[in-house]
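Each of the next two complexes has chain A plus one more chain, namely chain B in the first and chain C in the second.
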Partner chain A sequence: MIEVKELTKKFGRKTVLNGVSFTAEKGQITCLIGINGVGKTTIMNAIMALTPINGGEILINGEKIHKHSYEKITFIPDAITMLPQMKISETMQFMADFYDCWNQKRADEILQFFKLREDNRLSELSKGNTAKVNLMLGLAMDVDFLLMDEPFSGIDIFSREQIADVFSSHLVEDRGVLITTHEINDIEHLIDKAVLLNNGIVSKEFNTEEIRENEGKSVVDMMREVYQG
Partner chain B sequence: MKVNLNKREPVYVQVVRHFKEQIAAGNYEPGQEIPSRRELANQLKINPNTAQRAYKEMEEQGLIFTEGNNPSRITKDGKVIGTVREELIIQAVDAFITSIRPINIPVDDLVGLIKEKYTEIERNTRGDSNDRS
Partner chain C sequence: MNRYFKLVNFEFNRFLKIYLVLIGITIISQIIGVIVKSNQYLNMANDQIQGGSMSSSEFINQYGPISLYEIIQTLWFLGPIALCIVSLIIYVFFIWYRDWLGKNTFVYRLFMLPTARINIYFAKATTVFLMVLGLIALQLLLLPVEAWILQWIVPFDFRIDMSIREITGIFHYFAILFPNTIVQFIIHYGIGFMAVFVVFTAILFERSYRWKGILFGIIYGVLALLLFFAPVLLQATILYEFFYPIELLVLQMITGLTVIAGSIWMSNYLLNKKIRIW
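Up next, the complex of A and B:
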């Protein structure tokens, strides 16, 4: 489980996160929702210890993040961090060289799933296919938790559908997924839990099936209450 | 398999209803093997935990059964299947009455109209299947 407790983060004098608390469980898909600039990416960076925090703590399986945590959790940023002249096969080799938890068998399976060819260069790929390679590089790691920052952002509808298919497949089986998005329509039926951020705090944290069952509301209904209420 | 999902109703409830419809219509036969939870999640593009919940619900209602590690199957209990069929028919009729009631049509006229439309639809679908053959 990822536990974010009373997380506070300031940029200069501006407090972006003002005591954010939520959990993301293993075997579940948790979605961080918020309008742009609300601090979603900052939270992900904080979980990965890529940015210093001003208060609170973050626990992964009950422990503070340390260097071995990177074999348990991986972060997929919203844009690929490999060089454009690299072939897909070279990006995979790069990951294999750096991470013990890289799983080449799974990587090959994901390439097939997305219908990508490993001798293609990144510079030759469409935005949608580049996003799929980016996702593959994270999904192929044998880790307990996957953080995905805006995997649906700025790509065509068919690529979005293919990426959404990942979430109902065995590719995320039994792992914990924490995803940020504002394109909730793509994944409304795929997530277990939604965490709505507003004004530096968590306004609502709920199980999506429970909110449908107990209140007859959709995730978008809940968002409307927070962001337009 | 395709289900148009409503965003304000629990997904597991919609999945259970989908199975009931298939059973009532005879598209799923008694004892027929059904997809695994994972396959179902993938086909319907829903959360695997939700598929799991739907299967648990169907097992409790006696709609499906699982023996050991074998794939789950549709019930062979004719009584359960009959009840499902009855339940769906009543639900559909109730929904129909709710929408027709405000128009205030005498029930005998309505029954006549239903018979007429029903025959028409059956004639058309028979025509379709002739075209295909």
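Up next, the complex of A and C:
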């Protein structure tokens, strides 16, 4: 389980996150929702120890993040994390060299699913295909948790559909997924839990199925309540 | 440890093309320099001797024989050395900043590797050291080749053959690059590598605190400099001629090692607690 407890983050004098707390569990898709600049990416970076925090605590399976945690949790940012001159095959070799949890079989399967060729260079790929490679680099790791930051950002509808399909496939099942997205419609039906951020705090944290069954509301309805009053 | 070596290999390969270009420029420029200067000298000798204005011995008496001493003062020889030095100084900064630049932010991947982050620091430092030592080794290998080319072009009577030790001892800057003793080597390159550690730490200050970090980095650099030169400064001011040269050397080595250890400790702290990927 990922536990974010009373997370506080300031940029200069501005407090972006003011005591944010939530959990993301294994086997569930948790979606962090909020308008631009609310601090979604900052939370992701803080979980991965990629930015210092001003207060609070973050635990992965009950432990603070350390070097071995990166074999248990991975982050897929909205930009690809490999060098543009690398071929897809080279990115996979890099991952295989450094990560014990790298699963080449799964990587090949994802490449086939996305119809990508190993000898393509990242610099030659379209934005959609770059996003798919980025996703492949994260999904092909045998980790407990996947963090994804805006995986649908700026890509065409067909690529979005393909990526959304991944969420309902065996490639994700049994893992914990924490995702931030604006394109909530693409994956609303797949989300188990939503965390709505507003003004640096968690405004609402709910189980999407419960809210659907008990109150007859969708995630978008809940977003309207929070962000439009 | 295994991942550290993989990181060194990866970093080295990332700069390999530019490095090979530098090696190529150095080899071509210096060899062309030897050929051009030798031929210029011979043409001058031929003009004077065949023109009948003087004999071979008179020419040698008047103009002197040619040696590598004349050649290593030319732009053909010094130009590529200066180019390599400037390139490696830029590379000390570039090796960090390139990971943050562009839309493909490789720094995410580096900092999410399942290895201690200080290994990234060590790998980058090792790559810089390997590149520096590689170019020095290249130069040491090139000098005998250049001496051989000179011997091949210029007849014996018109040249002076010099040993590598003689060549590297001619100029002060050459003595810095090519120390004559192991102690000098440790001092010269120890100071150079210490400077790399200090600059790396200053860069990490900037990457952690951005604008404020530039100030912190400069302050850190000045403090490191003061600490390193503390024995010399004390000797020159308060404790006038207090230390024997060997004592001064030992003290300088201790302060140097302290600066290196301090830089590594501070960098480890910044990498683990303060660094920001954007």
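Going forward, the second predicted complex is superposed on the first by the 229 of 229 C-alpha atoms of A that agree within 3 Å, B and C clash if a C-alpha of one lies under 4 Å from a C-alpha of the other, contacts with A are read in each partner's own complex, and residues count from 1 in each chain.
To be clear about the criterion, a residue touches a chain if its C-beta (ideal position, glycine included) is under 8 Å from a C-beta of that chain, and two chains touch if they have at least 3 such contacts.
Worth saying up front: this structure is predicted, and the values here are computed from it rather than measured.
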- Task: Would you sort A:Phe22 into first (chain B), second (chain C), both or neither based on which partner it touches?
- Result: neither
- So, A:Thr81: does it touch chain B (first), chain C (second), both, or neither? second
- Would you sort A:Phe145 into first (chain B), second (chain C), both or neither based on which partner it touches? neither
- Could you tell me if A:Ile191 is touching chain B, chain C, both of them or neither one (first, second, both, neither)? first
- Please indicate which partner A:Thr51 is in contact with in the superposed arrangement: first for chain B, second for chain C, both, or neither. second
- Query: Regarding the shared-chain residue A:Glu71, is it in contact with chain B (first), chain C (second), both, or neither?
  - Reply: second
- Query: Touching chain A in the complex: which residues of chain C?
  - Reply: 3, 6, 10, 14, 102-106, 108-109, 111-117, 208, 272-278
- Note on the structure: Within the complex, chain B is touched by chain A residues 27-29, 164-165, 167-170, 173, 188-192, 209, 212-213, 216-221
- Message: Residue numbers of chain B touching chain A in their complex, please.
- Response: 5, 7-13, 38, 41-42, 44-50, 53
- Task: Using the touch rule from the top, collect the residues of chain A that touch chain C in their complex.
- Result: 45, 48-52, 67-71, 74-75, 77, 79-84, 94, 97-100, 122
